[in-house]
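So, here's a batch of structures to check.
Shared between the two complexes below is chain A, which has chain B as its partner in the first and chain C in the second.
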Partner chain A sequence: MIVGGCDIGSATGKAVIMNNGTIVSYTIIPSTTKPELTARMAMDAAIEKAGLSSLGNLGYIVGTGYGRLKVPFANENISEITCHARGAQWLCPTVRTVIDIGGQDCKVTSISDSGKVLEFVMNDRCAAGTGRFFEAMARVLSCGLEGLSTLSLQGKNPAVISSQCSVFAESEVITLVNEGVDLADIVAGLHNSVAGRLNSMVGKVGLVEDVAITGGCAKNEGLVKALEAKLRVKVKRLPEDPQIVGALGAALIAREKLDKKS
Partner chain B sequence: MQTSIKSRALKEFAEATATLANPAVEEWKRQGGKVVGYFCSYFPEEIATAAGFLPFRMRATGSKGTELADAYLSSINCSFTRHCFNMGLLGEYGFIDGAVCLSTCDHVRRVYDNWKWKVNTPFVHMMSLPKKVEEPQVGWYRDEMVNLKQALEKHFSVKITDDRLWEAIRLHNETRRLQRQLYELRKRQNPPITGAEALSVMVAGTAMPKQQYNLLLRELLDEISQREGNADYKARLMILGGILDDPGYIEVIEEQGGLVVTDMLCFGTKIMWKDVPEGTGDPLAALAQYYIAERPSCPRMFGDYPRRADFVRDMVREFKVDGIIGERLIFCDLWALEHYLQAKESKAGGVPYLILDREYLLAGIGQLRTRVQAFLETIRR
Partner chain C sequence: MQQQTLQEKRLEKLLREREIIELMVKAFTQSPTEDDKLNTDLAKVTLEHHDRIIRCVKEGKPFIYSYYACAPEIYAAMDLPWYSFLELPFTGALLPTLQEDIDGSDKLFANDLCTIIRVAAYYIEADLVPVPNAIVGLIHPCDGTTILHQLIASNENWRNVPMFAADPPYWDDERSIDYYAGELRRMVSFLEEHTGHRMDMDRLREVIKEGNKQFELWMEYNELRRAVPCPHGYGIGMQMSGVAQGYYVGDPRGTAWLRDLIADAEKLVREKRGKAPKERIRLFWFDVVSLELSFELFPWLEQEWGAVIVMDMFGYCPYTLIDTSNEDAMFRGLAKRALFDEPMIRQARGVAENFLADIRRVIKDYKIDCVVWPGHMGHKDGSASVGLMRETCRELGVPFLHIGMDLFNKRYTSVDEIKNKLSQFFTAMGLG
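Presenting the complex of A and B:
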C-alpha cells in the first residue's frame, strides 16, 4: 500500500512516500511562489527517488502545511498541527510535546498517550522564533544559517537580547556588533532569546516529557541546546530528518484513510 | 458552508451588516428621522425608540485603516475602537444625530473623550455603567437612564413618556422573541441557517428600524423553518466573545467544517435571550432590572462569572455543542480573563475550547484557518 504526504511550508516543500509502514523516499525543496508548483516538484522528485513511475502509484495522498489547500493531487488536507503530532509520535512513541519550528510559524502541541492532539499554541503573525528570524539574523551577521548554529555553540558568555521581535532584535544585534561584543556571544544570545519565547509557548500548553522538536529549525543544534537549557529537560532526537515530520504525519494519515476506505 | 437561502430578507440583512448607513437608515433619514449611535450593548435602545429615534449600534464596517485615529488613541487601544473613531474622523458617521458612550471599558471611554472634540456629532453623551449586577446597581443604572432621557429630551426638544417607553419595550421584546425563534431553529440536527448568516441577521437588528426589521425577520423565519438545513458539518460550535460583527470571520470557521449554532456575543444571545417584563408601572425600573440583572452579562460585570458559566453550560446542552471558540480582540483584558476561566471550566466538562485573538478587521486568514482546522481535528478524531 503506497501512500504520500505533502507538506507545503512557507520556506520549503516536503514530500514523503511510504509503503506498508516504511518510508520509501522523501524530498525537501525550496518553496516557489506557486504552492501548486512546489507541491508537484516535491512529489515528482520523491516519486522518482522511490523508483515509481507516476502519481498513479500512490493510493492516497494527504496535503498539509501552509499551502495545503493548494496541493492539486491531494485526496484531502489535514492541518500541520495534527500531522506533526502524528509524525513525531510515530518516530518516537514516548513524545508528548511537539515543538514545531518552521519557516514562518512556530507551534507547540501537546499529545495524549493515544496520539490525540490535546492542546496547541501558535505564534501570531510574527516571525520571532521562526526560520525567517534566523535567516534575517544570519544576513545581519553575514555568517549563514549553518554558521549560526556553530557559532551559538561556541558562545561562552551569551549576550542578552531583550527583544523577541525580529525587527527590534536586529537593531539590538547591530548595537552589540558595534560595541565589539564577540560574535559567538551575540549568536548564543539570539538563540537564548528565541528559546525563551518558545519556552513561554510550551508553558501555555504545559510541559510533558518526552519533548521533540520538528521543522527545519530543529536542525539547528545550537537552538536545540538553548531550548534544552530553558526547558530544563532533554529533547528527544528523532531518528529521521526533523524537517519531514509534517509530511510524514500526512503520509501516516493517508495510510489510515486508505485502510478505512478498503 | 453555505445555505442557498435566496430570501429577500436575508439579502437585506446581509447588506445592512456589510455597510454602515444601509438603505433602511438612508430612508429613515430622508423621512427626517433622527439616528442615535451607541457604543455598547448596555445602551437602553428602548429609550431612543421611545423618543422616536433610530438606535444604531456603532461599528467600523468597511474601515480601511486607523491612521487618523492613531494620532489620538494609543497602540494598546483595541482595534475596534481605533477603527470606529477613524470612521468618525473620516466623516463616515455624518448620518448620526447623537452618539452615546458607556463606560464599558477604558478603550471605549477614550473614544468618548476624543469623539466629543473631534467629530461633529450634535449630541454626545456618556452613561456611567455600574460594575456589578445587584440591587444598588439596578437603581444606579435607572438614574443613568433618567439622565440620558432628560438629555435627549432637552437637546432634541422631545418628550419621552412612560406610554411611549412601554410601547418601545413591547416592540423590542418582539424583536428579541423573533431572534430567539431563529436560534430555536439552530437547535435542530440540521440547522437551516449558518452561523455567518445568523450573525448578519443579528447585526442588522441593531442597524434598522425595529418595525421594518421584525417584518423581514418574520418573513425569513417562515421561509427557513421549512428548509432541510445543513447536514454536512463536522462539529457544532458555540462562539463566545464581544463585538464580533463580521460574518466573514464566521465564514472562515464554517469553511473548515464547523457549524456555528449558538453564541454569547454582543450581536447574539447577550442582547436577546431574555425579555423585559411588560407591565404598566415604571418602565425605566423594568429596563434597569433587565439590562443590569437579567440579561446574560458582559465579562466587565464583576462577580457575575458563575451566572455566565451556567449560561454557557445550558447553551452547550440545549444546542448540542461539540466545541467552543472564544474570540477576543487583542488588548481586551476583560475577555482575556473570561476566556481563561471559561476554557478551564469547559475543558474540565469535556468540551474543547479554542481561544482566538483577533484584530477588528479580518486578517491573517491562513493562520486562523490552521487553528480552526486543527481544533476541529481534535474534536472529531
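Presenting the complex of A and C:
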C-alpha cells in the first residue's frame, strides 16, 4: 500500500511517499506564499520521483506542519509534534527526546518507548534559535548556511553572544565584527547561544536519552555539536534527512490509518 | 459644558460598569434559562455592592478597600462597605476602555507585573477610583500586591489613608494559626478605629454560620461536578469563591443561590447531561478564569474540542468549616480559612507541595484528562513550581500544558495564540 505524508512548514514544504513501510521518495522545496501551492508542488515532485502517475496512486495522505489545514489532498491532518515524534522514533527506536528546529519555531518533545508524546514545549513567539535566525546571521556575515556551519566548527574561542533575539544578536554580531573578532569565533558563539536556548527548552520537558534532532537545522553540524556540548549527551544521527521527519511521521500515520480501514 | 467634578471622575468607571451590568440583567431576564437566572442573581448582587460604594462616596460615609481573602466575614459582621482592589480590572473586561486602561498602566510599571495589579494601580494614579477611608492590604500571594502597596504609599491622594495588612505565617502549624488569628483581631481594632463601625461578635457568629452552610453546599456542588459528563462548564460553576467569600459572604441569599445551582446540577447529572455539546476532554484549568476568556476561549474549547473545564483553581476548596462555639474558635477558624482555603493564597503561600497536592487530588477525583497551567505572567509565585507540576502530572500519566500568557491582556497573548497551543496540545497528546 502506498501512502503519503506532507509537512508544510514556514520555510520549506516536505513530502514523503512510502510503500509497505519503506520510503520510496521524498522531496524538500522552498515554501511559497500559498500553503496549498507548496503542498501540491512538494507532493507532485515526490510522486514523480517515486515513478507514480498521480495522487490517485496514494491510498491515504496525512498533512502536518503549520500549513496542514491547507493541504487540499490530505485525508487527515495531524499535529507536527505527533508526526515528528513518530518519524523520529521510527528512524531511531530508542529515541526519547526529539528536538525539532524548524524554519521559524523550535519544539522539544518527550516521547515514550512506544512513540507516544508525553510532553512538549515550543518556542513560537519569535525566530530566536530557528532557521530564520541562522539565515539572518548568514546574511550579516556574508556567508551561506553551509559556510556558517563550517565556520562554527573552526572557532577556537567562541565569542559570547548574550542575545538570542535575532534583532539584538545581529547588532552584537556587527559589533564583534567591527572589533575585529575572528569570524569563526563569532559564528561558534552564535551556535553556542542557540544551543543554550535549546538546552533550556530541553530542561523543561526533561532530558531522556536517546536524543535526536529533526528539522532543517539538524543538518547544521555546528549546531548539533554545540548542542551535544550543552546537553552533555551524544545526539543520535538519523539515517534519513532530518528535515523530512515530520512528513515521514505523517506518512507512517497514514499507513496506520489505511491499515485500520482495510 | 459643565466641568466634571472630582467625585464624578472617581465614580465614572463604577457608574459605567454599573450601567453595563444593568443591561446584562435586563438581557438575562428577557429569556430566562436556568443559567440566566443564576447569572442574574450574581449580577444583581454586584449592582447592589456597586450602589453601596457609590452611596458611601456621595454621602461621605466610610467604606474600605480590601484585597480578597482578608476574612470578609469580618466586614460583613461589622456591616462595613468594602470594595476589592482587583474587582474593577476583573470586571473591567465589560468596558470598552480595558485596553486603554492597560495602555495607561504600561506607563507605570513594566509589563512583567501582573496586568490586573497594574490596571488597579493605574486607576489609583489616574484618580479614577474613589479614595477609601481605610485599606486592608495583602502581603501574599504575589509580589505584585506589595508593589501596589508601595504605589499607594507614594500617591498624594492615597498615602494618608490608613492601611493594615495581616502578616501571613509561612507554616501551617497551630502556632501559625494562632498568630494569624491575632492578626485578624488587630485588623478588627484597626477597622473600628478608622471607620467607626463596631464589631458585633453575635453578628460575626451568624455570618460564619451562614458561611458554613455555603461551604457545605460548595462541597456538595463540587461533588456533582465529578460526574461524567460534568453537569456545568466554565464560568458560573467556578465562581464559588466569589459567592462564599465575596458579595454573598454570610448572606442567606447566597446560600439560596447555591441551592439553586445544586438543583440545576443534580437535574443534569440525573439526566446524564452536560452543558458542553459533547464532552470529550475533562480539563483542570489550574489558575484564574478571567472574564474575557470566558467570552472568547472557553466557549471555543467546549464547542471545538468538547473540552470542559471540570475544575479550576478558584473552584476547588478544602471546605473548612468554622467552629462558632466561642470567640477564639471563630477567629482561629477565620485564620485557617484565610490561609488554607482561599484560592491562589493557599497554593502559593508556603511550599510547592501546596500546588502539587491540589493537582493530585483534582486529577483523581474529577477524572481529569489533562492539566493546563495557563502560566499567567503575573503569577511568578506559581511559575517556580511548574517543573514540579509537570513531574507530578507525568507520574500520574496526565498530560500537562504550560501556555505562558496574560489572562487579561490580549496584546501580550492573543486568543488565537492560546487556541493554537491548546490545539497542538490536544492533538499531540491524542486527546482530540
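Note that the second predicted complex is superposed on the first by the 261 of 262 C-alpha atoms of A that agree within 3 Å, B and C clash if a C-alpha of one lies under 4 Å from a C-alpha of the other, contacts with A are read in each partner's own complex, and residues count from 1 in each chain.
Throughout what follows, a residue touches a chain if its C-beta (ideal position, glycine included) is under 8 Å from a C-beta of that chain, and two chains touch if they have at least 3 such contacts.
Just so you know, these numbers come straight off a predicted model, no measurement behind them.
When the two complexes are overlaid on chain A, chain B and chain C occupy overlapping space and clash. In the superposition on chain A, A:145 contacts neither chain B nor chain C. Of the two partner chains placed around the shared chain by superposition, chain B and chain C are both touched by A:81.
Judged by the touch definition given at the top, the superposed model places A:105 against chain B, while chain C stays out of reach. By the touch criterion defined above, A:120 lies against chain B and chain C together after alignment on the C-alpha atoms of chain A. Once chain A of one complex is fitted onto chain A of the other, the partner contacts of A:55 are absent, as it touches neither chain B nor chain C.
Once the two complexes are overlaid on the shared chain, A:258 sits clear of chain B and of chain C alike.
After superposition on chain A, the stretch of chain C whose C-alpha atoms clash with chain B is 422-430, while the remaining options among 152-160, 170-178 or 422-430 stay clear.
Taken together, the two structures place residues 78-79, 81-82, 116-118, 120, 122, 124 of chain A in contact with chain B in one case and with chain C in the other.
Against chain B, the residues of chain A that register as touching in their complex are 66, 78-82, 105, 116-118, 120, 122, 124-125. Interface residues of chain A, counted against chain C in their complex, comprise 78-79, 81-82, 85, 109, 116-122, 124, 204-206.
On chain C, the positions that touch chain A within their shared complex are 387, 390-391, 394, 399-400, 402, 417, 420-421, 423-425, 427-430.
Of all the residues in chain B, the ones that touch chain A in their complex are 357, 363-364, 366-367, 370-371, 373-374, 377-378, 381.
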